[in-house]
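See the structures that follow.
In what comes next, subunit A is part of two complexes: it sits with subunit B in the first one and with subunit C in the second one.
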Partner chain A sequence: MSSTLDARTRMQRLLSERSPAALLGALAGVLLLGNAAVQKPGLFIDQAIGGLVYGMILVMISLGLALVLGLMGVVNFAHGALFMLGGYFTYATMASYGLPFWAALLIAPIGVGIVGIVIEVVVLRRLYGKEPIIGLLATFGLTLMIEEAARFVWGASAVQPAKPEFLTGGTDLIVTQVGTYRLFTVAVSTISVAGVYYLITKTDFGLSVRAGVQDGEMTEFVGVNLPLRFTAMFFLGSAIAGLGGALRVVEFGIDPGAAEEFVLLAFVVVVIGGVGSIFGSVLAGLLVGWAQFLVPVVLSALAIVTGVSAINVQGISDIIPFLVMIVVLLIRPRGLFGEEGLLE
Partner chain B sequence: MSGESTDRATGGLPSMFERYKIPLGLVVLVVALRPLITSEMVLGYNAIASKMLIMMLFVAGFNLLFGYTGLLSFGHAMFLGFGIYIPAILVLNGAWVLPAGGNITFLVGVILALAAVAVYGYLLGTLIVGMGEIYFALLTLAFSQAIYFIVLRNPGELTGGSNGLTQGTLPDFVEQTRGEIAIEAFGLSLDWYWAVAVVFLLGMLALWQIVRSPFGRSLVAVSENEQLARAMGVDTTSYKIWSVTFSGVFSALAGVLLMIQNSGAAIENLSVFTSGDTVLMAVLGGVNYFFGPVVGAFSWLFVEDFLTNFELWQFPLSEVTFVTVDLSDILVYWQFLLGALFVVVVLTAPEEGIWGYIRSVASWLRKRMQQVRA
Partner chain C sequence: MTLLTVENLEAGYETGQVLFGVDLVVEESELVSLLGRNGAGKTTTLRSVAGAAEPTVLGGEITFGSEQLAGVAPYSIAQRGLSFVPEARRCFPRLTVRENIRLAINHASDPKDLETVLDFFPELSEMREKQARNMSGGEQQMLAIARALAANPQLMLLDEPFEGLAPYIVRRIEDIIAEINDQQGIAVLLVEQNVAAAVAVADRHYILDEGRIVESVSTTQLRENEEMRQRYLGV
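Then we have the complex of A and B:
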């Protein structure tokens, strides 16, 4: 995908081509954020880090979804279920088998990756080249099955393993305290996302997969075992979603409903970022995470300045991802960095 | 289908039957459903029959969009929600001039709900039908989620938030005695099931008329081969928009019935799970056929109720039992089996479903009979 390679040039072009209205909008956004930061500095930093943690989790789910969608053209609705399984596997390793957190952090993604391989070999292989709607429907059925299996094994209510000792404390930033675990989440997710990004865009493996997407027949002709690569790709996408689930379950717990909740958000992220662009998904994930956490702060700060309390809308954060997506799609139907013609 | 041509050639009754088999089937369904389903042997309670009819109408409305136009809506619960919430809110609060709880208020609410859905569906369609089917699915989902969260937030104390609306949402002509609902109008008392049946029949016949009209044929053309349809001068975008509108209106009609059936508005009916169930029911039933959604909704609700009540598997009969297996622990998780069935259906014949399977078995049998007779 060329979009992933010249992301920087695209960015520059994007900025230079902006209309005055868009630049004004950006200026207004910066002013609003600045106002919020001045009015409530502690809360602002707090929410910014909360948004970053949430955004990185979203990136980890969306990355696998974007890989499968952009590279193989399958809309994998079951991706949220894989994320959920990552959380449950972590819980099982830590609570049921008594293994330490580090072991769970390794076992859960691999376990989820194996489930991913099974799904790919049994179901998704039949869907390559078919209409995307069929893939959406089939993986929706898979989601139901995985959800129900999780409910069977771990029950319908949320489960949460104990946080590891050394990550329970807080880290002092000047204006506020932040849980060490949150910073740990950001670090782990950044490293893994960067790793996958590097693998796809800079290595021979990534190159051969992308070649296979462009022209499968020709790629196989020159000696690439394409089905194997696609399976490996799917393992990778599933494992990173599983890692996201493992990171989240320790802080927030997990329940069977998480499967559909997070696949929705991941879709929103992929659509905002643009189908086919991995860079776009990363950016959009962070954008959605921050929007969800910062908009309430911005609104309440604005309410203080203007004295109009009606601006401070309660509970707007749940709708924010969808509002952002609707707006982005109306202005730019293919998403921020999407390629023209994909899935249209 | 080999018998079709000979029937038509002879004319008279067989051809009339062939032509009106869908309305006839609907009438037979309505008459037979309740005695069959509510008998002690099967499910044993009354409310399920009317609920089945309501969901059939809802899924049939959905299928106008998916099966006939080829647009997959993953947020159809929002249309159902319009029909549930708008009349309930109006009856509960009264309008500016109308008295709260009055029959007229309710009727105004119904008309308002259908009109609002029509306008909303038209605008939504205008915004999003042009973007391709995957985007359509995701955008309907996004819009539906946005509406869900708005209702959940209980703006202006109107929607009741997560509790829904439970008190005083019914108009005066609905009588409730010990869980049984009846309609009292003009000095007559009509059982709720038959009231639903009338609306169901009218709604389904209207759908049938739409489907077999030139408009409906054009919808099929749009879904079969959009480029060809456009090349032949069909304004495909406009047809898609109207399909969203009609589909929404029929779903909202089912929502109105559901509000009375549940005597209130529950937020679950707006959730993503309701939207997902709708897709499941339609695909399981068979989206290619008019009766597909009917069969799908029936099987789904039947399985849901039957399997969750069904605890012991006794073989061969409950009187003479050789083997007894306690299935109650497993059958609670019936969705797993249904999910598996769904995946198989989608992978093998995504547009045929159960009804398509029944039809193919029936036509095979007919062919065999003819061979034997010859």
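Then we have the complex of A and C:
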């Protein structure tokens, strides 16, 4: 109860604290988006939904990264490799073992979660309380190992299982058609993110995790088995990333390069959202997703209106997450919710 | 019956050994203080008993009830009925009063219920949805003790509970500690630099100096022996 209120008041505070310049910027943003929506309504909605799908996948990866960083103080570079494994496990379940998509959606996250537990128990447990750089190097090494293992088993080129038939169609939205699978992705990711949010903010388990983030040693002094919670949170974070990989592989396929590509984006999301804040990671993931998909549309619409074709910069979308990060850090050096993370 | 026995405890940090053979005993329902100058090893003794990762216990035995505590995880020690209130209170800053106490209740083997604890602390009862970071030092100290009490322990370890508090709050905390001991029968091992406050509440006193227990005295003996106070406590 109190934490939803907290989120709302925090949101209000965030808005009320803005300077006139920032409000002017926001107004300009709204006008640009409006122009794009009028000029190219079909493409705009298409990209908005694409950005939502992509953003939710980023949220799913970032959550685990943010939780592990907040609770254990370890920068888990291997988190992208776990996302990638989710994709490969899904492919293996469906293509190699012939099981249905539903089964893969269950097996892949659990499988990735188990890999996560092994990583936590065998490697990370030795690194708690040590220099962060050691954790970063160790998990970077793990990433390379998992990547090479995937390359060895599934090859260097992308693999993609067949999309389940009932999710292949499209849903008509008048100006455009949206793939049913995209809507399915949004639904599943929303449910799982909401589930994590509920677990952390409303349950006794979540209470002990939040306490652990704030003062790990004291949490143990009041009787909480903290090592068990570390393992549980690592399982959870890995499984959510694995589920993200499972959702993505069916539409876009997966290749070993995804491990590093996505962990980098997840870092960007965590930094934008503010370390230790679940709410921040969710917002930042969506922000990055939408920015990446909508900025090209906004630019091309602006090019039409102004007649200056140079505005329509090609291939800009890949650098957008980093541009967003730079802008956010210039305004709020600790990220959007870095000071008042829900986890803290 | 003896509740806690510390025998020949040696402990230290990476920077060096601090305890060189500490011996002390806390009987059931007793209120004992552990006095000493800064750096004498008081906190190190309490943290060793509570099972903290640091300091490292180098030798000796810690017996609680009939069980050995050396090498036992801190959460497991807490669940056996030993509540530790470390220095600086260590309330969870972004948890509310209720959540701070709730956490202890959730993880104790034989806890009190929330209302019983709050009845004991009327001040806290009025601010149960307040986050600990927005509370005064005295309120935080009460919360830290309330959290320890919620676990319904056999023994409470208190590390400098009066530090940095205004005199009238010191008296309130003294009353609380005395009540916890008298009415609830919970044994207390109190570490203090504030000798006056320790004398006000404790029955018996150990004096720690350079990592060893040098005196074990009653309150009367401590009051009367000025030379001893001067030598080990500087008061």
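One rule holds for everything that comes next: the second predicted complex is superposed on the first by the 334 of 344 C-alpha atoms of A that agree within 3 Å, B and C clash if a C-alpha of one lies under 4 Å from a C-alpha of the other, contacts with A are read in each partner's own complex, and residues count from 1 in each chain.
The rule is short, and it goes like this: contacts are C-beta pairs under 8 Å (C-beta built on N, C-alpha and C of every residue); 3 or more make two chains touch, one makes a residue touch a chain.
Treat the numbers as computed from the prediction; the structure is a model and nothing was measured.
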{"item": "Combined model on subunit A: subunit C and subunit B, fit or clash", "value": "fit"}
{"item": "Partner chain(s) touched by A:Leu144 [first = subunit B, second = subunit C, both, neither]", "value": "first"}
{"item": "Touching partner for A:Gln214 - first (subunit B), second (subunit C), both, neither", "value": "second"}
{"item": "Partner contacting more residues of subunit A (subunit B vs subunit C)", "value": "B"}
{"item": "First (subunit B), second (subunit C), both or neither touched by A:Val224", "value": "second"}
{"item": "Vertex subunit A, arms to subunit B and subunit C (CA centres, degrees, nearest 10)", "value": "90"}
{"item": "Which of subunit B and subunit C A:Ala187 touches, first, second, both or neither", "value": "neither"}
{"item": "First, second, both or neither for A:Ala156, with subunit B first and subunit C second", "value": "neither"}
{"item": "Partner chain in contact with A:Asp204 - subunit B first, subunit C second, else both or neither", "value": "second"}
{"item": "Shortest span in Å between Cα atoms of subunit B and of subunit C, once chain A is used as the common reference", "value": "17"}
{"item": "Intersection of the subunit A residues that touch subunit B with those that touch subunit C", "value": "344"}
{"item": "In the complex, subunit C residues that touch subunit A", "value": "50, 52-53, 73-76, 78-79, 83-84, 86, 90, 92-96, 99, 102-104, 106-108, 129, 147, 151"}
{"item": "Contacting residues of subunit A [partner subunit C, same complex]", "value": "2, 129, 204, 207-208, 210-211, 214-215, 217-227, 344"}
{"item": "Residues of subunit A that touch subunit B when the two form their complex", "value": "75, 123, 126-127, 132-134, 136-138, 140-145, 147-149, 151-152, 260, 264, 267-268, 271, 314-315, 318-319, 322-323, 325-326, 329-330, 333, 343-344"}
{"item": "Residues of subunit B touching subunit A in the complex", "value": "72, 127-128, 131-135, 137-139, 141-143, 145-146, 149-150, 152-153, 272-273, 276, 279-280, 283, 333, 335-336, 338-340, 342-343, 346-347, 350"}
